[in-house]
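Note that chain A is present in both complexes that follow, paired respectively with chain B and with chain C.
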Partner chain A sequence: MKLNLEHVNKTIKKALVLDDVTMTLEGGHIYGLKGPNGSGKTMLMRVMAGLIRPTSGRVCVDGRQLGRDMDFPPSVGLLLENPSFLPNHTGLKNLELLAGIQHRVTSVNIRQTLQDVGLNPDDPRTFRKYSLGMKQRLGIAAAIMEQPDLILVDEPTNALDDNGIQQICTLLRRERDRGALLILSCHDASILEDLSDEIFHIYDGKVERRTIS
Partner chain B sequence: MNWLKLLQHDLRYGLIRWRYLLIFLLFVLPCITCYSDVQLANVPGTWMDYMLYCFKGSVPITSSPEISLALPIFWIMAVAGSLLLNLDYFLSDLTQAGQQIIIRSKTRRGWYLSKCAWNLCSCIVYMVLVCASVLLFTLLSGGDVSLQSTPGVMEIHFSELTVEPTLLSGLPGLIVVVFMPLVTLMALNMLQMAVCLLVRPIIGFLISIAILVLCVYCNVPFVLGNGAMAIRSALLVPDGISPGFAALTAVAILLASAILGSWRFQHTDILGLEE
Partner chain C sequence: MKTGLKAELWKALHNPMFYAALILGCLISSINVVENLITAEQIKSIIFAEDHTGSQSPWGFSLFLLWMPVNGASYGRYLFYLVWPVLAAMPFGWSYLQERRGGLFNQLVSRMGRKSYYVTKYIAVFISGGLVVAVPVLLNLLVNATFCPYVLPNILNMLRISDGYFLSELYFTVPWAYALIWCGVDFLLGGAAAGLCFVAGTRLRLQVMTILTPFALLLVVDAVCTALRSRFGWNVELSPLQLATAVPNYFNPEWVVGSACLILAFVGFGIGYWQVVHHELA
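This part shows the complex of A and B:
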């Protein structure tokens, strides 16, 4: 999988949130996005996911342009801000409902993914009763369960304990080794540097520099 | 196949909601007011009498100074109830769990059209519950479950008219009190959904209410709402608005709203709750 952003600009309510972003990203790598709050990291991920249309410039997935040739990348997993699911269903039921749209994974795969992120598939509690950390784990499970080619994770370690952080880091590396293209933003610089193959430093919507870990 | 999954999701999570039961409360007040008229006429009153009162509306503006024009509060409530019920599901789904669904569906158009189908189904459910609420009140108040309007009650309800209204029964009655309000609700809801892509939902709702108020003062079938007022229907009064024409207008607005909304949604930014 190859993701190209060419001179992407985005203006929302007269504010320039992405400023001439150009980057080429390839599968089998983890790319980190680093920058202060409001610098445009989440917006950039939304543009890559097809949720936001650039004001100018283009985003191409394997040569096909988002918004022209397709609405969304053909295979994408997403964790943005606070994970939202149907509040009256269990974690397993929520993931089964999502998986039912594309039929890419079986119930056995979903159960395994839940265990991988540290959740009990047979937990009878509904999403409404989950702790913040459990919600975060479920969000990560939703992003990776279908083994997508493109995985966008915004602050995946939020609300996780040390053990949880280690579990998630191991999972993300496993996805990279499988050949997926991962884009990650994280406020914890040590985690970001530890996980990422390359880091893009973003300030005021502009990629200022790029460092290779 | 994917689209059917989307629709199934919307029907399951967008229709089965406790708030629909509020419809029973919403229609109690007009039914009680109608009941006092029924008592005055000294007849049992029928289901059609109560429905006609709920969707009566107001007389068209004329040059006659004897006829004062008042806002038809109960009619506005009856229509606005549906608009309010359908206001938030579409956008709250889009900013929350629906984001996971839309990226898996791979199609913005399919997702929006599924919401359109949900919107139409929601209007049907609303109308069924309205009919059930009025039926329940009719039974509790000792009225007749009949599609025949009562002359004495009609005389009191439509006393503002300078001509005698036609007594309604059977199919013409159902057209006036069920079909026309339903088609109007569908068109208004579809329009509101498209408008909410451009402005905040509360503004979208206020625009819909403004359309309802406008139609009170503007007695032309092109203005949505006129066709849903029983008192302005050609089936009730001579020189009234033709139900066929009003229904066609509503369907045209419904289709235009769905097409324009779908086109607009192609370019809509899907943001999170906090953004």
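This part shows the complex of A and C:
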């Protein structure tokens, strides 16, 4: 998979939140987005995911333009902002409902993904009763369970303990080795540097520089 | 889209707000049942004393005179047909706002696309809203049928339905068919009113405000219709808020009821489509 952003600008209420962003990202890599709060990292990820259209410029997935040739990347997993699910259902039921839309994975795969992120598939507790860390793990499970080609994760290690962070880092590397294109933002510089093959530094909506790990 | 629709319907019909709205609707409609029970106790002795066995009810005591949508003297009817837009919006009308604010929206649209998401969401909101209005009306008929005699309503006793009212001839000849059709009308109006929740989009911050949106909009439409009626001297009921009851104060011919359902559904779906699929993409 190849993701191209060409001169992407985004203006919201006359404020420029993305300023002439141009980048080319390829599958089998993990790309990190680094920058202070409000610098435009999450907005950039939302544009890449097709959730928001750029005011000008193009976002292309394998040569096909988002918003013109297709609405969303054909195979995408997301964890943007806080993980959110149906509060009155278990983690397994929530993932089964999501997976039921595209039928790309079986119930066995979903159970395996839950175990991979450190959750018990047979846990009878509803999402409402999950701890913050469990919610985060479920959010990551939802993003990767269908083995998408493009994975966008915003602050994947939020609320996780050290063991959880290690588990998630291993999982994200596994997805990269499978050939997926991963884009992540993280406030913890050491995790971002450890995981990422390349890091884009963003300030005021502009990609100032990139560093290669 | 079929799988997405199944998932949305499952969510709409398996959430506490759906059950709460259904129970609340049934409780309000049971006020009418209690009123009818009191009437039944008062009139029963007279009916038995007269040994009345005819097909017409000379006492005005018939299932189809006391059933909530046609019983103009019932407090239960008054209350139910005042709050029905709120009941309709309660089960699932808030779900778009919740999913949008919570982030579940992202998970869903990235899998099914915006148009499919909106269409399936609208259908689920429509069906859940329609059920919450129609089921208490139907249950009210069934519960009243356990103690009210099934006799044809008499034109002398039912003064509120006459020529110019919705399927009036059917009402006096095949009342059970009329009753079932009216349940269908309430289902359509309830569903269309629930769809008006999309008009609010994500502008409102509280779910309760989204639930109140259809009621507020229909109140405004009601005020406009009342003003137009008095200005031009029309004797046809145009307000959807009033049209949910079978016996509004003005005529409710079939074309008016049908048009009201269509216009409500069209407005709700159209504005919602613009909000969800186009506007909030910008």
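Just so it is clear, the second predicted complex is superposed on the first by the 213 of 213 C-alpha atoms of A that agree within 3 Å, B and C clash if a C-alpha of one lies under 4 Å from a C-alpha of the other, contacts with A are read in each partner's own complex, and residues count from 1 in each chain.
Quick note on the criterion: contacts are C-beta pairs under 8 Å (C-beta built on N, C-alpha and C of every residue); 3 or more make two chains touch, one makes a residue touch a chain.
Values in this document were obtained by computation on a predicted structure and should not be read as measured data.
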Chain B and chain C placed together on chain A: clash or fit? clash
Request  = Quick one: classify A:Ala49 as touching chain B (first), chain C (second), both or neither.
outcome  = both
TODO: Considering only the touch criterion stated at the top, classify A:Gly133 as touching first (chain B), second (chain C), both, or neither.
DONE: neither
Taking the superposition as given, does A:Pro74 touch the first partner, chain B, the second, chain C, both, or neither?
first
| In the superposed arrangement, does A:Gly27 touch chain B (first), chain C (second), both or neither? | neither
If we overlay the two complexes on their shared chain A, which of chain B and chain C does A:Ser84 touch? Say first, second, both or neither. both
The intersection of the chain A residues contacting chain B with those contacting chain C is 49-53, 71-72, 76, 78, 80-82, 84-86, 97-98, 100-102, 142
The chain B residues in contact with chain A across the complex are 2, 5-6, 9, 13, 95-97, 99-109, 266-267, 269-275
Contacts from chain C onto chain A in the complex sit at residues 3-4, 6-7, 10-11, 15-16, 99, 102-104, 106-114, 281-282
The residues of chain A that touch chain C in their complex are 49-53, 71-73, 76, 78, 80-86, 88, 97-98, 100-103, 142
Chain A contacts chain B in the complex at 12, 42, 46, 49-53, 67, 70-72, 74, 76, 78, 80-82, 84-86, 94, 97-98, 100-102, 142
